[in-house]
């Protein structure tokens, strides 16, 4: 018999995800504190249940909740998922939560004979509406095989990142970049504006250079990640340019806290005798100072 | 008669640039403290001269020097360029220097009947070797027309950014992004390594998402730069993700100073009541707090 | 009959605190996972019990645990303090934890007819050994009266900060300053060393000026906290000095991330038109930007 | 014959300093672009002169100018102090400028047979009005002896920090602390306000603890500066508290960029295996990472 699917958390992301499951023929049992959302799903063909009942009846239980606190509350305790689910069932948490909470939950799941999958969602709410989400999944191969049909119904791209816990961790790395770049772009544009530059001209320049982080694909993938830090552009020169940026920003009253933090990181790299490396070598400097293995790809690897 | 070209500063970048000018037939007079570099250029067909003589003889004088200090020393004072150059000559400074120094020099140049162009160089030293540099130029249209043949001999791309002073300022904006992204990438990779993720898998995910700053092209160009900050992904949600990143980094001993600075910027945006904007709206928040005009492109503009 | 006291958490701080209670005649029931610590206390005259029994028998229950997680685990759930304590009892948490966890616990306590006090501990472990700790207490007047004898047995100073939740929050403000000052001092001394200054001479200067934060007592208490931001030393001038500091630090390879962050804060204050205020007015600038009430003391108030 | 004193720069600080010299009987020649200030001093008994004349006539020349740029302009060049001063004269720069500019000036002075003293001014403008300034002086013993009478006329405290260049550097270290503490205090008070704490209660607590940087005097002077980093309070525990601060600040929308930067510094200390040191050991960690000699005072040394 096909897996019966439980879905807990019908918010801005969860509701269209659940809707896509129903539309594509999955037997769905839903739960949410918001009764309007529940009724909408029931109108589409889903059943409604409280948590213990849902946990008893479903072999795959999806959670899509705001934070670690809610996921742990609904999984643990007397009325929680783990107390009522059948052995062999899967909890697939699709929320974006603290990876240490995922680890704690996976440990608890194992003691009850349950499996855990973490599969946080990439892209925007509109993509979820259209069933075009991206998933970063931490799961065993066997568990992934069982949840893959659901993921296919809700999205278009699945990245299998490794065992449970790697999905959420990969999402954090990814969103660190995305969220940080926004602030970095904000500072660059504020500086351009304060300088009185023509914004379309500035964009034309930026979009044609490595400033748009083609360098992760190019400079990083072809140099430091292969262990090559012979300089194309040294940390010392990068630091010099950043000194000019910081000085100009202060002279023209543009607060650029990220520039300042970056400036200090380059200063630390220079103070610790790494000024002569290629500036992509900042990855090695940081990992070295923090006792982390340096990031390396196998020879011959190419970005897709 | 064709312009005679003076070239001061034959370092790692200046020497191949000067060499490309000689090779392509320009009459070149060179100057540098390093006599070996001078001799090499003379062997290729250039003349050598001291600064006053070079300034008297050349109608376009290029400087490619380490910092504001050297450029001001060689331009100003009794034995400097400005004291000896013929009215109507152009000083084209291609160094990367403090834009306020460029402004001071341009002002001095004007009082002597000279023109000033700032044309700092993009791309790497290898590109300069091959005559494939990129230039960000601040100049009047007339001055640009006079220096364009030189730029064509030394590189492949010229961005005319506006009047004198805009070349260096555009380079600072551009290099702020490039240099910052390197540290941002370094932190992301250090986090991935500490998390024990498969680095090739992480890269595959990152290179397929907006984490590689396609968002400047997409999210920024299509939203905030047109004045649209209705949320695709809110500042509040971005802040939540960054809180998870920072917590996870501290739990696993990954120092991420840029993440921390970004986190605070989002906190300030939320504290000043902007948490509901699309996260590309960080550009508006920063400009708003600092009294800077918000960055806007004309309707219908598209990134090239 | 006198209160029987439960004490959970016999670590480096908790053990001497419990010992002082026993020595001064309190009837003590202790609990810890570490049986050695329990035995030591029992040898001094305490009883030992598991959590439910301890909760049932004691009218004041002290917790001194590593983090929010442990306090919530021991307070909540089937075998927890709240499930077994008698109505009218007090949970006094002396751990340093997330104030939101304290709020959640206080709310839960109230639904069971229990009281909650938060009383984190100041000063060092040696002070706890000697019964010379300092306490920052959040409690109703009635609850404080009941726990005061315990506090007197364990320490010498009690600050009643307000209702439950204010003790931990006051400790966070206090420790923010103490911990931050250490890094600030570290950066100042690193700069002094890199400058090649005589360290005893530097200390002599620093210890005689407001650099040792006498300014909280003097400049803040007498100016901004009374609403007076007419300049003694302006934000603009403070920013200028910080610009020199940052430039000198970079020129001499001293990484000073806090200096950089401070520099940006002053830059934001200037960009938002506050450069002319006295530099103690930074408190008003930050509160203003973040929508927080400006800090004010009543006229005539003096620091003790 | 007594030294004739030149004084260049009659701004908010310079004017009262010059006035005090005249009042106390020094033969003073003044110069400033602002003729009103010059006239006021002449009315008090000073003479007025242009720079070359002033330089020729005076054996001690004081400069009190806004920045490195102005000091170098007035010292160097055809019409500058160095071109016209008599051998054996002293340039005493009392401005707060880039110490590298001071070094360049001192080198130039030496080639002309002149001496240089840097003696930047501590305390506020009101102190200068009353002749109660504090000076941090870099000078040879002989030069200090010659300028000491002037310093005595303008202030009450002279710190002889070492040879020329050490005065300005000591001022930078000192003002780094003073300016940073203001932002740190601002963040602490903003947090207190957002927490809804009673501000007078918070101040009472802070002013009684090491949060007011008594720890430089106590914890630093008695521990790390003697090479003792056995923990009273470890870096790990300090980091834990800072994690709570940062989490609480984000939960309550208090932007605390300095807290975030401090948090990362502690994270780096932990990642580089120093979490077990006393938190005053942050000074050793920073110096160690940056290749700077650790700060140490001689055994038996006590803060005054």
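Letters A, B, C and D name the chains as they come in the text, with residue numbers starting at 1 for each one.
Assume a contact is a pair of C-beta atoms (placed from the backbone, for glycine too) under 8 Å apart; a residue touches a chain by one contact, two chains touch by 3 or more.
Remember, predicted model here, so these are calculated numbers, not experimental data.
Steps from chain B to chain D, taking the shortest chain of touch contacts, total 1.
Averaging C-alpha coordinates per chain and comparing to chain D, the farthest chain turns out to be A. Between chain B and chain C the centroid-to-centroid distance comes to 46 Å (mean Cα coordinates, whole Å).
Taking each chain's centre as the average of its CA atoms, chain A and chain C sit 34 Å apart. Centre-to-centre separation between chain C and chain D, using Cα means, comes to 31 Å. Annotation for chain D: residues touching 2 or more other chains are 247, 253-257, 260-261, 264-265, 268, 271, 289-292. Listing the residues of chain A that touch chain D in their complex gives 257, 261, 268, 271-273, 289-292.
Chain D makes touch with chain B in their complex at residues 77-78, 239, 243, 246-247, 249-250, 253-257, 260-261, 263-265, 267-268, 270-271. Here chain D touches chain C in the complex through residues 67, 96-100, 122, 124-126, 134, 136, 157, 159-162, 166, 169-170, 172-217, 219-221, 225, 232-233, 238, 240-242, 244-245, 247-248, 251, 253-262, 264-266, 279-280, 282-283, 285-287, 289-298, 301, 303-304, going by the rule given at the top.
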